[in-house]
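Labels A, B, C, D, E and F are assigned to the chains in the order they are written; within every chain, residues are numbered from 1.
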Amino acid sequence: MSNLIDEFRNYRTRMNEKILGADNKVMKRIYSVDTLAYQQGALSTKTKEMLGLVSSMVLRCDDCIKYHLEKCHEEGLTNEEVFEIFSIANLVGGTIVIPHTRRAVEYWEALNEKEGTNTNS
Amino acid sequence: MSNLIDEFRNYRTRMNEKILGADNKVMKRIYSVDTLAYQQGALSTKTKEMLGLVSSMVLRCDDCIKYHLEKCHEEGLTNEEVFEIFSIANLVGGTIVIPHTRRAVEYWEALNEKEGTNTNS
Amino acid sequence: MSNLIDEFRNYRTRMNEKILGADNKVMKRIYSVDTLAYQQGALSTKTKEMLGLVSSMVLRCDDCIKYHLEKCHEEGLTNEEVFEIFSIANLVGGTIVIPHTRRAVEYWEALNEKEGTNTNS
Amino acid sequence: MSNLIDEFRNYRTRMNEKILGADNKVMKRIYSVDTLAYQQGALSTKTKEMLGLVSSMVLRCDDCIKYHLEKCHEEGLTNEEVFEIFSIANLVGGTIVIPHTRRAVEYWEALNEKEGTNTNS
Amino acid sequence: MSNLIDEFRNYRTRMNEKILGADNKVMKRIYSVDTLAYQQGALSTKTKEMLGLVSSMVLRCDDCIKYHLEKCHEEGLTNEEVFEIFSIANLVGGTIVIPHTRRAVEYWEALNEKEGTNTNS
Amino acid sequence: MSNLIDEFRNYRTRMNEKILGADNKVMKRIYSVDTLAYQQGALSTKTKEMLGLVSSMVLRCDDCIKYHLEKCHEEGLTNEEVFEIFSIANLVGGTIVIPHTRRAVEYWEALNEKEGTNTNS
């Protein structure tokens, strides 16, 4: 299961380096705005990562979902909370979101296995 | 400005009644799941409405945006918080979200005018 | 209500003429394939128009919805049948299809008023 | 070829169980509305599955396409009928649907091989 | 016809000022990257505006289309060139792009009327 | 790396033959319009392939991206030019285009390796 995680992380890191290494100013700025956007502001990073996750789900971008699942896991989201995000994504985005939810559940389980399960206590 | 609000609300109410009046079981259940999904659970209604808003923005559905702006206003969101949601939607969904953000800002201002501005104090 | 219909038809006709008048070969062929695609084949025109309608709904294209509603009305679809198409569109495409369904219901009612209601008898 | 089918079915079943096992009420209801929507009503299940297939194609969801291809096969659709659905999806949704059509043809052939080809006689 | 242009420009300017006035750093940076992206680089501004136009068409964003039509007009695009962009958008994006093409043609005509028609001589 | 290219080309060719072999008139015409659309006209094939690439990116169709990357490579596009197309796609389409950009960069590198790198000299 953690292969799923390592493969995603390695490919992502390696290709991001190539993109940033290409020295295209617009791409670089998009990456830096991306970092800025999820920082604590009027809304917490936790809330913003939830917003990023649900957006990725309704837009049906598997790799974006994986990335935000990782961040949501770091922010301490519980299984119950993650499934409530899934449920809103499936409601708003429709049943075409279901296959992405299957893969999201698989990745979330891999994260729980590798990093431990978050609880509310 | 509040015309904007009344027109939206009236049309929405009138047509929803027609949809529910058509006595199609699937449509009725979708409407009732929709109500269920935003109720307080592991996540608060406030958080869920923010998830609904950002989803509507990246999917670029103006009427859905208006609806969730109303709910976010009821839940006490401040201008600063709403703009942070806008910013994530524009980042994830791209500059094609900008025209919808313009209309969202207009509607949000109309809500502030009609219902008062939320503050954090 | 029939204003809704006339305005749509007139604008559509007028602009289609301009598009075809521009003498771009690719645009012309796309229009002619479009005519071909809905002709009776292994599937009936009625079935194909239903496919066109549901596609337009999940892709959330109001003008495409209006066009296929007209064709579905000509093909004799009843209210019950049209609402079953709406229900699949809303299920597969999610609640962001609801605002388009509201406008679809309004247009369908205008068609019933202008052209008569189809029945199964 | 039938590996393609078994892998899809097994993964789908396994992950759906996890989703339903998570005990999220909204997800459960979406699954149950999904079952309800394709049942015989004013429109036949065959017609509804065709609507589900074309919607999945224009929304470019490979797993949804596979699922509805299975159902369409069960409902007795012929090659000719399926290709007419493909053609409307490619027309309405554009050439970006072509890669999904390639994979759809591959899956449809696997179904024909495993379950037999439907004919009109 | 030029009302169409003035209304679009005025609303766009007025609301952009509000968005930038809200003092959200992420939104401001997205706007500034947007300016940067279309500047002459390895590709000319003319080519980049054509890329912006076709992207706006396949993503079916009417206001984005209007904006890039204005820029394409400034860059000297002829009717024939603009229709070739339309044709690729309709091919790749499908017939759901047609209604947006109708409105694009209307806006392009208004620009020609107001600013003069570009020729290749 | 060139495996990536051969696999894509072989699968594409094999399945396109099946689609065209199915003898569906609409599918055949869509394929022939597709060929027509990218031919030299008021715009060069090079420009049209850039339009095809950016459209494929904002619509997030990996196989379409690969195909147009091949054509853009044949048309002599340099790394710098391709990255400027990527940057507009990521700006207009948002950060959900990033994962597709990663795969595009990988494919572009494979093309450079197999066919040589284009330069402006």
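Here is the rule we go by: a contact is a pair of C-beta atoms (placed from the backbone, for glycine too) under 8 Å apart; a residue touches a chain by one contact, two chains touch by 3 or more.
Chains and their UniProt names: A, B, C, D, E, F = Carboxymuconolactone decarboxylase family protein.
Since the structure is predicted, the reported quantities are computational estimates derived from the model, not experimental observations.
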{"item": "Chains contacting each of chain A and chain C, listed by label", "value": "B, D, E, F"}
{"item": "Reaching chain F from chain B through chains that touch each other, fewest steps", "value": "1"}
{"item": "Label of the chain whose CA centroid is most distant from the centroid of chain E", "value": "D"}
{"item": "Of all other chains, the one whose Cα centre sits farthest from chain C", "value": "A"}
{"item": "Identified repeat of the D-E interface (over half of residue pairs identical), from B-C, A-F or A-C", "value": "A-C"}
{"item": "Type of chain B:chain C copy interface by residue overlap (half), same or different", "value": "different"}
{"item": "Length of the line joining the C-alpha centres of chain A and chain D, rounded to whole Å", "value": "28"}
{"item": "Euclidean distance of C-alpha centroids - chain C vs chain D, Å", "value": "23"}
{"item": "Chain A and chain E, separation of their C-alpha mean positions in angstrom", "value": "32"}
{"item": "Numbers and ranges of chain C residues touching at least 2 other chains", "value": "26, 30, 33-34, 37, 55-56, 58-59, 64, 80, 84, 87-88, 90-93, 95-96"}
{"item": "Category of the chain touch graph - line, ring, star, complete, other", "value": "complete"}
{"item": "Contact footprint of chain F on chain B as seen in their complex", "value": "58, 90-97"}
{"item": "Residues of chain D touching chain A in the complex", "value": "11-12, 15-16, 18-19, 22, 24, 26-27, 30, 34, 55-56, 59, 61-64"}
{"item": "Residue ranges of chain A touching chain B (in the complex, touch as defined)", "value": "33-34, 37-38, 41-43, 47-48, 50-52, 54-56, 58-59, 64, 78, 80-81, 83-85, 87-89, 91-93"}
{"item": "Residues on chain B engaged by chain E in the complex (per definition of touch)", "value": "60, 79-80, 83-84, 86-88, 90-91, 95-96, 98-99, 101-103, 105-106, 109"}
{"item": "Partner chain C, residues of chain F touching it in the complex", "value": "25-26, 29-30, 32-33, 36-37"}
